[in-house]
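Following: one structure in structure tokens, then a few remarks.
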Amino acid sequence: MNETILTPQELIDRFTRTFGDLVSDPRIQIRAEGAKKNPNTNIWMTITRDILKPAISMLKEISYPHLSVISGWDVGEELRMQYIFSIYFGERHGEYMVIFTVPLTKGDLVLPTITDIMPGALFTEREKQEMFGVTITDIPDGRRLFLPEDFPEGVYPLRKDETGIPDTMVKHLWEVGRPTNRPVPPVTEKEEEPKDDPEEKTVKNKENPSPEAEAKTDE
Amino acid sequence: MLSMDVILVTILAAGALSIIGIVVGLILLGIDRRISARMQARIGPPLRQPFIDLKKLLSKENIIPENAIPSLFNAAPIVALASSIVVLLYLPIGSMMPILGGYGDLILVMYLLAVPALAMVAGGFASGSPYATVGAQREMVSMIAYELPLASIVIAVAWLLYSSGIADPFALSSIVANPIWSLVGPIGMVGLFVLLLTFAWVSPAELSKIPFDTPEAETELAGGVLVEYSGKNLGLFTIAQGVKTLVMGGLAVAIFFPWNLSPLLGLAGYAALAVDAVFFFAKVILLMILSVTVIRTGLARFRITHVVTLFWVWFGVAGLFGLSLVILDSVLAGWF
Amino acid sequence: MSDGTPTKKAPYVVPIGPIHPALKEPVQFLFEMEGEVVKKADFAPGQTHRGIEWMGMHRNPVQIVHLTDRICGICGVTHSLAFARAVEQIVDIEVPARADYIRVIIAELERIQSHLLWAGVAAHELGFDTLFYLAWRVREESMDVIEYITGNRINYGLVQVGGVRRDIVPDQHPTIKKCLDGYRDLLGKMLNLFLNDTTISIRCKDTGLLTFEKALELSCVGPTARASGVVKDVRVDYPYSAYGDLDISPILPSAYGGGINGDVYDRIVVRLLEVAQSVEIIETCLKEMPDGPILWESKLPKLLSACKKAHGEAVGRHEAPRGECLHYVAMDGHEAPAMWKVKASSYSNLHSWIPMLEGEQLADVPIIVASIDPCLSCTDRVAVLRGVKRDLMTKEDLHRLSVEKTRRIQGC
Amino acid sequence: MALPMIREILAQVFKIPATNPFPARFLPPSVTEFLKKVGAGEATINPPVATPPRFRGKIVYDRDGCIGCNLCIRVCPAHAIEFIPETKRVRIYVTQCIFCSQCNDICPKGVLTMSPEFLLGTEDRFAESQIVE
């Protein structure tokens, strides 16, 4: 572990220096919230699949990273996998989020497992296999994680192409059993008169009553 | 030889006492639940709740699991109930002498007390469920564990009566007739007090209550030995549990608090019997609240290893310590 | 336990779950046992998939905020806050400072009720129902305040993209303060009851050990990680909402005087002390809450069209009672987000069950499982409804069957 | 052996329980009969705990003030609101409502409100009481 804390730019420089063109589109997203506007830092980098493991190892050399999750985004022609890490936790206001985006072409959805360097990744790698149809090579436990045993093969719920959820598998529960022949209630424009629905009469107090007023009556 | 009359009276009395025992036992369960609820800042169920539960259980059918041994599975609750009732018949209720007093003594009672637990073990193994199997194993282990302190209490009492020159030192009638506290000096008093405390901790174990309810351990074994029981069988176990609660309380009263109210009030005959019986049940309720309800409400469940350590090491030592104090006392009394 | 315990040499399998009294959550465990000792543990989550992410990808952000409320019944604000923060970053919304403070107040109230809920569950798993009732009774106070502020006990519906929906007005302060003062008085009693009780400490000390290295490797979060000595608290490390304005530090079990063992006991310590910390945070926030609006845009149609125009991806995080909760959102110019990924806190912690459980006693399984405060409703997210191969019974079927059976039993 | 709970429970026995009592002390043989009696003043019930000021209960809809703008349908997360094309009004299925009150917020005319009514349980999802229109 390295004791000196890198600035976000230094961190990116280190990656671009080591991996050259294989790291692209680095950006630092800084956001300040609250009254004092203390900034928090997110670092995004797009890397190729080949340097995924070296990049994580390098992150490990800088500071032991915490892997939050691997996410994915089906953008149509390719699948972008986001490896969401955070480093420098334990430093007050000093944590960086480091997000590696790994683009994969639809024809070649293979990723190496990172469980040998980050054992905690197993869960999320299993999930990526079943949800996105990505093959994780050398995964120590390739079972399904969330999907049931009888879920059809070749359907990946979070994909947006033809391997995603087909409409035939979707049941809109809210539509089920709704009465279709219900008579339409009469409408009187801007007139107050008693209706068949008893609810109507109670519409007196306007929406979102001020809590203080009601609080007083309540106590 | 026994005459027909005596046998008939004995049978009638036994029947009556069994019914009273069951009713009082269920009331005891109700009181326990109510008091425990109050301790937990809840309102709790009405006192008759065990009766309501029982009525419902008895109206339901028995479900026997596929891989159970039906004969053993069904016999277990009956054996458990029968043996608890039999123990009751050996207990003096107030000034009424035990109905079966002539046919057995404290040693027999100790054996009979183990029978319901054994029945539960058998029923658990016969259930064919892994939970019940684990529960039955634990039940055996805890049974073995609490027998040692229980035995030291019995031995101490018998020794005391024996050394005081009382005939039939193991018979419950002689124990009741000679309150043990009157037979000892100050050292013996301390010894008996230690034994009383030990008995207070053995009772919840004998009744499988928290912290010793490892065989049933709801959160890990989902009811353990009883997991597969339902309907009438479970109802029988519930009754057995009630009667057993009464028996443990009754035993404690007989050994440690045998005094009656009637001599004090100058009553005799049936009035004395009735007053003493009520007083007896009051003592049982009080003892049960102290040794079962308070303990089960105020403690977390032990691991089975803790149960073994507690009874073999701590209460084993406590029991033997109490026993040796009692012996020491009577030896000293012999010297002076 | 040498002589007493039966030692069955052949390992046998004890299944626990998906429905089991020890588990308030649907997950299935398989334990290979030797006697009373767990030799090998395995588990299968995913017993209750609901497909919330998929549902979200067909709805607009304003709808999703309410969907996120319902990911978990206990973390009523956690997910909506994390999601709202992610969307705010994509759309580039600046949340009014007052809204940030209200968000923190409600998040900390949630931490109090969640930790107390957990404390109760833990006590119940230990077979200590009295403590369970006590903890839950005490928890009601915070539930009442949450109800008082938001309107409902769970599913608060407080967070909106760009702020919060309801203000905390000065008239409400006395009620909140009264509750906080109550907690301050109670905490000593709770600590005493939980930490000084012999029956609890013999069950919890050195049980379910998770070493520092394992916790780091398995990317554990929240009190589970902190109890093992991993200093990680998003509230401190990563200034967001009003947390950046506060002077707080992560709570480690050493704060209670002892060392850091990473056992169940330490997890109790961390959670109880965090309740105290939350009380302080709420007090500070109430005091320092700036004036101003509570929403970036109170006209929802405007907010919706701003969201529709946005392109990009962002990560929103929040330190939930159970640890870091993370939402990844990508938007590509449609009403609905292009991608929505929910990483609940328990998702990161479930892994730690295996090293914790192996080698432990069966009796300790419930408390170890509960000790990470698992929330599988948060973790199980994706599912698709399919009627095939399942016996579906309608209400009428069930009613008919029960009537038949009652008749059979009663013999009429 | 320290058992701090024992002291606690012994003190608690003499205190009033914290539980909210049930409406009736014991389960009446027939709930409907009992409620009728209560209505007629022949029996009393323990009153329910009051709802808080901002409580979100069953939705209330002022049909006449509605302008049929459809915004509520757009933000309803649960698809609980249905458009009636004939009159350009909406119909709300309370069993599908998730009580987020988002439609209240977006309604330009303020015709949707949340009432404090919460006893909504029923067996029929589409019972008359479960449809607001």
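A few notes on this one:
For reference, chains read A, B, C and D in written order, and residue numbers begin at 1 within each chain.
The criterion applied here is as follows: a residue touches a chain if its C-beta (ideal position, glycine included) is under 8 Å from a C-beta of that chain, and two chains touch if they have at least 3 such contacts.
Since this is a predicted model, take the numbers as computed values, not measurements.
Counting C-beta pairs in contact across A-D and across B-D gives the higher total for A-D.
Averaged C-alpha coordinates put the centre of chain A at 34 Å from the centre of chain D. Rounded to a whole number, the gap between the C-alpha centres of chain B and chain D is 49 angstrom.
Centres computed as Cα averages put chain A at a distance of 18 Å from chain C. With centres taken as mean Cα positions, chain D sits 26 Å from chain C. Residues of chain B in contact with at least two other chains: 39-42, 297-299. Multi-chain contact residues of chain C, defined as those touching 2 or more other chains: 128, 130-131, 134, 137, 148, 166, 197, 199.
The set of chain A residues touching two or more other chains comprises 211, 215.
Each chain pair that touches appears in this list: A-C, A-D, B-C, B-D, C-D.
Considering their complex, residues 1, 4-6, 12-16, 20-22, 33, 36, 123-131, 133-134, 137, 197, 199-200, 202-203, 361-366, 409 of chain C touch chain B.
By the touch criterion given at the top, residues 50, 52-54, 60-65, 78-80, 82, 84, 86-87, 89, 91, 93, 96, 104, 107, 110-115, 125-126, 131-133 of chain D touch chain A in their complex.
If you check the complex, the residues on chain C that touch chain A are 45-46, 49, 51, 53-54, 89, 95, 97, 100-101, 148, 166, 169, 171-172, 175, 216-221, 230-234, 236-245, 249-250, 288, 290, 313-315, 317, 324, 326, 328, 330, 332, 338-339, 341, 343, 347-348, 350-351, 380-389. The touching residues of chain C, counted against chain D in their complex, run 59-60, 62-64, 66-67, 69-70, 128, 130-131, 134, 137, 144, 147-152, 155, 157, 165-166, 189, 192-193, 196-199, 300-301, 304, 395.
Only residues 3, 5-6, 8-10, 12-13, 15, 17-19, 21, 26 of chain D touch chain B when the two sit together in their complex.
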